[in-house]
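Quick one: the structure is below, questions incoming.
Labels for the chains are A, B, C and D, by order of writing; each one numbers its residues from 1.
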Amino acid sequence: MLPEIKGLNEECGVFGVWGHVDASHITYYGLHSLQHRGQEGAGIVVSDREKLKIHKGMGLVNEVFNPDILDSLSGTGAIGHVRYTTAGNSDFINCQPLQFNSQTGSLALAHNGNLVNATALKRQLEHQGSIFQTTSDTEVIAHLIKRSGYPDIKDSVKNALTMVKGAYALAVLVEDFMMVALDPNGLRPLSIGKLGDAYVVSSETCAFDIVGAEFVREVHPGELITIDDEGLHIEEFSPSTKRTICSMEYVYFARPDSNVEEINVHAARKNLGKQLAIESPIEADVVTGVPDSSISAAIGYAEEAGIPYELGLIKNRYVGRTFIQPSQALREQGVKMKLSAVRGVVEGKRVVMIDDSIVRGTTARRIVKLLREAGAKEVHVRISSPPIINPCYYGIDTSTKGELIASTKSQQEICDEMGADSLSYLSVNGLMSGIGRPDTMENCGQCLACFTGQYPTDIYPETDHPYDKVLGGK
Amino acid sequence: MLPEIKGLNEECGVFGVWGHVDASHITYYGLHSLQHRGQEGAGIVVSDREKLKIHKGMGLVNEVFNPDILDSLSGTGAIGHVRYTTAGNSDFINCQPLQFNSQTGSLALAHNGNLVNATALKRQLEHQGSIFQTTSDTEVIAHLIKRSGYPDIKDSVKNALTMVKGAYALAVLVEDFMMVALDPNGLRPLSIGKLGDAYVVSSETCAFDIVGAEFVREVHPGELITIDDEGLHIEEFSPSTKRTICSMEYVYFARPDSNVEEINVHAARKNLGKQLAIESPIEADVVTGVPDSSISAAIGYAEEAGIPYELGLIKNRYVGRTFIQPSQALREQGVKMKLSAVRGVVEGKRVVMIDDSIVRGTTARRIVKLLREAGAKEVHVRISSPPIINPCYYGIDTSTKGELIASTKSQQEICDEMGADSLSYLSVNGLMSGIGRPDTMENCGQCLACFTGQYPTDIYPETDHPYDKVLGGK
Amino acid sequence: MLPEIKGLNEECGVFGVWGHVDASHITYYGLHSLQHRGQEGAGIVVSDREKLKIHKGMGLVNEVFNPDILDSLSGTGAIGHVRYTTAGNSDFINCQPLQFNSQTGSLALAHNGNLVNATALKRQLEHQGSIFQTTSDTEVIAHLIKRSGYPDIKDSVKNALTMVKGAYALAVLVEDFMMVALDPNGLRPLSIGKLGDAYVVSSETCAFDIVGAEFVREVHPGELITIDDEGLHIEEFSPSTKRTICSMEYVYFARPDSNVEEINVHAARKNLGKQLAIESPIEADVVTGVPDSSISAAIGYAEEAGIPYELGLIKNRYVGRTFIQPSQALREQGVKMKLSAVRGVVEGKRVVMIDDSIVRGTTARRIVKLLREAGAKEVHVRISSPPIINPCYYGIDTSTKGELIASTKSQQEICDEMGADSLSYLSVNGLMSGIGRPDTMENCGQCLACFTGQYPTDIYPETDHPYDKVLGGK
Amino acid sequence: MLPEIKGLNEECGVFGVWGHVDASHITYYGLHSLQHRGQEGAGIVVSDREKLKIHKGMGLVNEVFNPDILDSLSGTGAIGHVRYTTAGNSDFINCQPLQFNSQTGSLALAHNGNLVNATALKRQLEHQGSIFQTTSDTEVIAHLIKRSGYPDIKDSVKNALTMVKGAYALAVLVEDFMMVALDPNGLRPLSIGKLGDAYVVSSETCAFDIVGAEFVREVHPGELITIDDEGLHIEEFSPSTKRTICSMEYVYFARPDSNVEEINVHAARKNLGKQLAIESPIEADVVTGVPDSSISAAIGYAEEAGIPYELGLIKNRYVGRTFIQPSQALREQGVKMKLSAVRGVVEGKRVVMIDDSIVRGTTARRIVKLLREAGAKEVHVRISSPPIINPCYYGIDTSTKGELIASTKSQQEICDEMGADSLSYLSVNGLMSGIGRPDTMENCGQCLACFTGQYPTDIYPETDHPYDKVLGGK
């Protein structure tokens, strides 16, 4: 399912280009294809080789930019960012990229992920006299770069990256080149493509298709890659570790037309659905998926189970930020908002409803109710991922542990609470085999921490949960 | 496929409610669910029993209305409209509902469809001294009502409806009641539902699910139904004729969760896909549909053919009116806009691409190209409706005859032009049996004019093609 | 003083141009200089010789138009309008110009003034089958033109004008020429200028200075002037009567840089101030005027009285529609809004405060209070016009008679109520001699009805007070 | 004249309040009355005793704030800022107040003025690892405060202020109190008022009148005043020096209803006009002033010279940021923009035109031309300040020396160039005696550097001219 229905807040999207006369336009289209990774803010910084120019704002990519603004951002290199969370206009200050000016040159950063030792680093930096204008981890990285003080900015970036821990896919722009880096565990995706003579980088490969670029390679864990007029310069700032890419990218976060480490996301999801049909079969008349992110798994389940796949749930396409929520009274009278069940499809039927994950369980409960009201005889909920019982500290906002329904309730309790006839999750093994990463290889694992509690990095006592940070909580 | 990709302009959506304290809010949610029928303008008129109040504007429903505006539209009866076409802000004047004030009471009208004798009526009315501020047929109906001059407005409406010819689903609001009427051929859909003690009317039944109402009945051809505090009052203003509802409502225009004359639209489309698989089978690896309107047919084709259904084409969800179109140069470099092919799904595969219809053929050609560029080995185009060879005069903008590719080129020429490996259309009989209307019955036919040229009404020499009217052309 | 402080609503402004390649731009600048005549809505219709194109909207001229819109309004003839009153966006429908389309050609009208027999005409037209979409008098004139039915539109316009009574300065645009007309009493100002080979018309001559045009002549009462590529064609549609131009144009409504019937408005106001000093002298230390409209009179009073003129009251320039009004609590604590008294100027001084008129008296009371709080020892109020004791039916909204403080209270009561040390009005004779119209001439009178009750036209029992019409009241 | 006509950019305005439940609203009205000091950006930070909350943006005060935003800024202390310069939305980052967060508490700063050693301080701070996100001097002060590292923030502020040189009126907000400080030369005005139990601070006293507060005292040069729930705590962070307040505050920058060091600005300007009439008399028919800032001087000149004061020049009130500039072609045809001459007043007359200052001379030339075109027989320009021949480094943007017309041309050359019949400036002695500061006193001087070149502080070789900084130039 889509994040906004779950109340989930997700991570961000990063895009960059070096060596193209239309750098700002290319970045606009790239960010646009990453819009699902963050709808709350967007920004682009360009370099025209002499200076950096920035524009950013709250809202969707096509709300923040217009043709005049894009044209004013002339230059041949650019990095851009779409951002996930916020409350209020004043949160503008947290929009990325962040740009820093100094008498020796400018620096812009865009970052996807979450650091686990940001609090400690920030305390230390403040002690040394640094001041912070934002609440983002990105500013911590910038301070560390500045304080490294090497004559070559690349050395300063490498030095800074040895100090931060957690998840980061980072793009850095200076006047004369662009740098990208990935954390040593490779928790977030980041890929490089080629567009004529120019290079592009993107959180997801779908952006390459949109801008007409060809996929070149993924950025590997612990790499710092400099892109300038000569091409790519690859360095390692950290010893190679086993990659533990976030499983949730496959389960629901990435776009189905992206490949993550060369595995197509739609295909992976469809396999998860098939695997789920093998593990948890049920006699039923129709299979339906919660749009948009569970469609692929539902198709797979239906195909494997030999039950017709149908559009049993329809999403209203025009619900934007300005949509007026129905009052409590109207909601009780049955006014729906974003999703409705198709009576003509589910009435009198035994329905298998596929969802990609359950966090708090409120959305699933609401959808089961929608299906029942539309006349479904039976509703069997099948979840194409294992129960989420641990919080994520790497940028996926799956809430704090107390709010994760699977961490406090049994499967049967959850099933009863959502009013379903049956409920099954995919097993962790099913998840791994469904995605099909060649994980016998040394460097090709995946992060399963939210299911298993085995975090690939240290989690410090002071590690901020990203959601707390946003709210300014304790 | 969706209209905006085809450059098609479609008809409109009408919604109304009588007897609910939150009439404006209910209408807002109703119009919202009809948004696919018109994205260019929206309006609501309410009655508070003493006077009518109106608000309308250019844009989506949730751009035109905000909470303050909805609250200011207090009243217990309302009609609303979403509108399809436009050029420029000044076209505000054509937004509906239209409201007319007089010393004896006010009158508001909202109308879906297109009259075939509007030009002649207008000439006659102008000759008699009427002046026109809009270019819409609705104003013609209003003038006719006013000139009828009966003491009871219902008689004036009936009198006016005997003079207009063509397609219309009409909602009329006065201070004390609401009226709805359907043309004698029933070319457009219009249904009545019940929401507690209140009645609602809607172009499509999906709105009933959204606002929590229950379906009561369709408005039948030639009926004028008055809804007041006593309930429904049904009259016939025209002798009953065979209903010829527009086939295109099933093929691509209505929402899949609507029922049109008690046939679910998704189910009908899936059947069209199955029928198409029976008529035009092909050996292939994957079936994919052009989002959003061809998904159901693609599922049906895949199920019948036993070929896996996949998400081979992805639509970018965030393309709005303000989206910046790529320059010609960028488009030639491969920058995509709204739709992209999923390389991970189609690369090296034989693809069956299902589309619901072909008008000018430009979109299909572009999609075939997208699939080829993404590595499809073969592309077989299957269209879930027959060739469109005649223009529509009833509100579906399928362009003038010269622009209908199927009216000037052979099937093989079209196939070659779009670069497909094969192309097949559904037959007219396949269309009828796929939709499955019980058309042996006297009153249950369907309009097939755009395929067969057999128009259910007279077409006058002066009949304006609606598209011309919009452009103000000759 | 400015209308917005008094809660007065005023009449409108009309501008037109014929024969200039930049007709829409010229009209934009013209309307801009007439903005003080109406801040609530603006519109322009252009003719490109083949058709009319319109754009209008709620708000200030530079809110309604942008460069793209102006450019899209290509054409060599144009009329425009700024509008005074309204509540809510839905009042868009009343924005002018109004445009009417017919199969034989289009017609646009812009109108300043108020008809006194509109209600009767409307009833008659409705009886004959006309329908009304707006509440403006302009639509009545349009219906009358249409129903006149002469082959030559000029004859129809003349015919229509013989039926309407009241105040109107009217501009009419058709594809091939422009017409302007003034009511037989000449209640409203309307002038013609020349800009190269083009002609311009404007409610006030200040617009000629702004667009670089030269004054040619005023439109005389009862004239219909057609302006086409040949130049001016002057006809009389009504026998000549004595002109009775609205005195309030001189007193406070027109811009000081306009000439009304060749008398400069600033000079007239300064003379009113001098006359007032002669009629009502007082010993004082400083003279100050209520900005902006009473400044000229204050300068005149000071000069005649030999008392220094000072800026004792300052208006805050940036108070727009979106200004947040202080809460009652804050207002009681002394938070001011638009106007503040200058302590450094008035403290310990005997102040003569000049205002141009008193309607309800609330503003004057507030200003006296401001001056006292700023330390004024004495406050002597001098009004540069006679007491207003009768409502205006010609477009100046001086409220209904009950609300006119001078119609219900004695001068001493008013003085006490506003807390002034003394209060004097200008006499009617003083007003006439101050303005200095050569009224011995037959055709050069002025309307004094709001002071004297002698209306220059019949006032019908059903005459709508314009303010009622706006509110939709009885 | 007003800055926007001259292309001058000026300094800023600062406002603050401590101890009022409606702190954000009070600050809104205060900033509103300071709007003339900066129209490009506005911001407010409030303290609710637990944390700071901020909102700021580009535009006028009433564009940046709406009721919801003000209400969300709940708290009892607030500081606000209006800002003068900018180009483009991306300059948002330079809007003030700046807010800095740290684990030990937050800090917000708003600053009016310009530092002369900012470049050197910045270089040193960057060398120590500080990074800069803005180009404003305020961020330099913040870094210095942070690096001071005293346990008591007041000590850190004092320490920081000993390092900065130049002009500053500074407001600092932390959770529990507010601080204000003025540079040791007192180049900028800053006053304290009382509003019930609350204290307010403002760049100008006009804000006190607007919010209903009483003037208490000016902040003296070199003072740091802490305002908390106990009241005012006054400290000196610098030995007392002779005050050298900017003369331009009197000449044209401050509002006429403000008092600067207890001298009313209107009265001072009127005296400058009188002094000018004594120094440079001329035989003429009318005196007129360039609105708005030269009106007071014109009144004074007229009164002293015994020549009638008239409104010979009118400013169009509705020219906002969105006003569409006339094309070159239209300008050549005579289309005016913001200012027009009143033909009815100046035609055939010998006109004395009073302006407050001349920077580049382009505006004065344009106005002389306007007057001539409107028929003035003679135009005598009288400037109510001495020739500006030196740039300002303290925040008044009088351009670089090369662009100051009086630094490169003789008085006669300037007179010829602007097409005037005569030109006179006020003498420096005339300026001083006109303003009337009691400058025999030790601590009551004024800065005359732009006239005399005698700067009250050191000017470092690296001193940025503020205008350069804005443009990012070298």
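Assume a contact is a pair of C-beta atoms (placed from the backbone, for glycine too) under 8 Å apart; a residue touches a chain by one contact, two chains touch by 3 or more.
Every value quoted in this text rests on a predicted model; they were computed, and no experiment measured them.
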Chains touching both subunit A and subunit D: none
Subunit B and subunit D, separation of their C-alpha mean positions in angstrom: 60
Subunit A-subunit B separation of Cα centroids, rounded to whole Å: 36
CA centroid of subunit B to CA centroid of subunit C, Å: 47
Touching two or more other chains - residue numbers and ranges from subunit B: none
Listing of all chain pairs that touch each other, if any do: A-B, A-D, B-C, C-D
Subunit C residues within the subunit B interface of the complex: 51, 53-57, 69, 72, 88-90, 92-93, 98-104, 107, 119, 122-123, 126, 128-135, 142-143, 146-147, 149, 472
Touch list for subunit D against partner subunit C, complex: 22, 25-26, 28-29, 32-33, 35-36, 39, 60-63, 65-67, 70, 195-196, 206, 209-213, 255-257, 259, 263-267, 270, 292, 295-296, 299, 303, 308-311, 314, 316-320, 322-324, 326-327, 329-330, 333-336, 340-345, 374
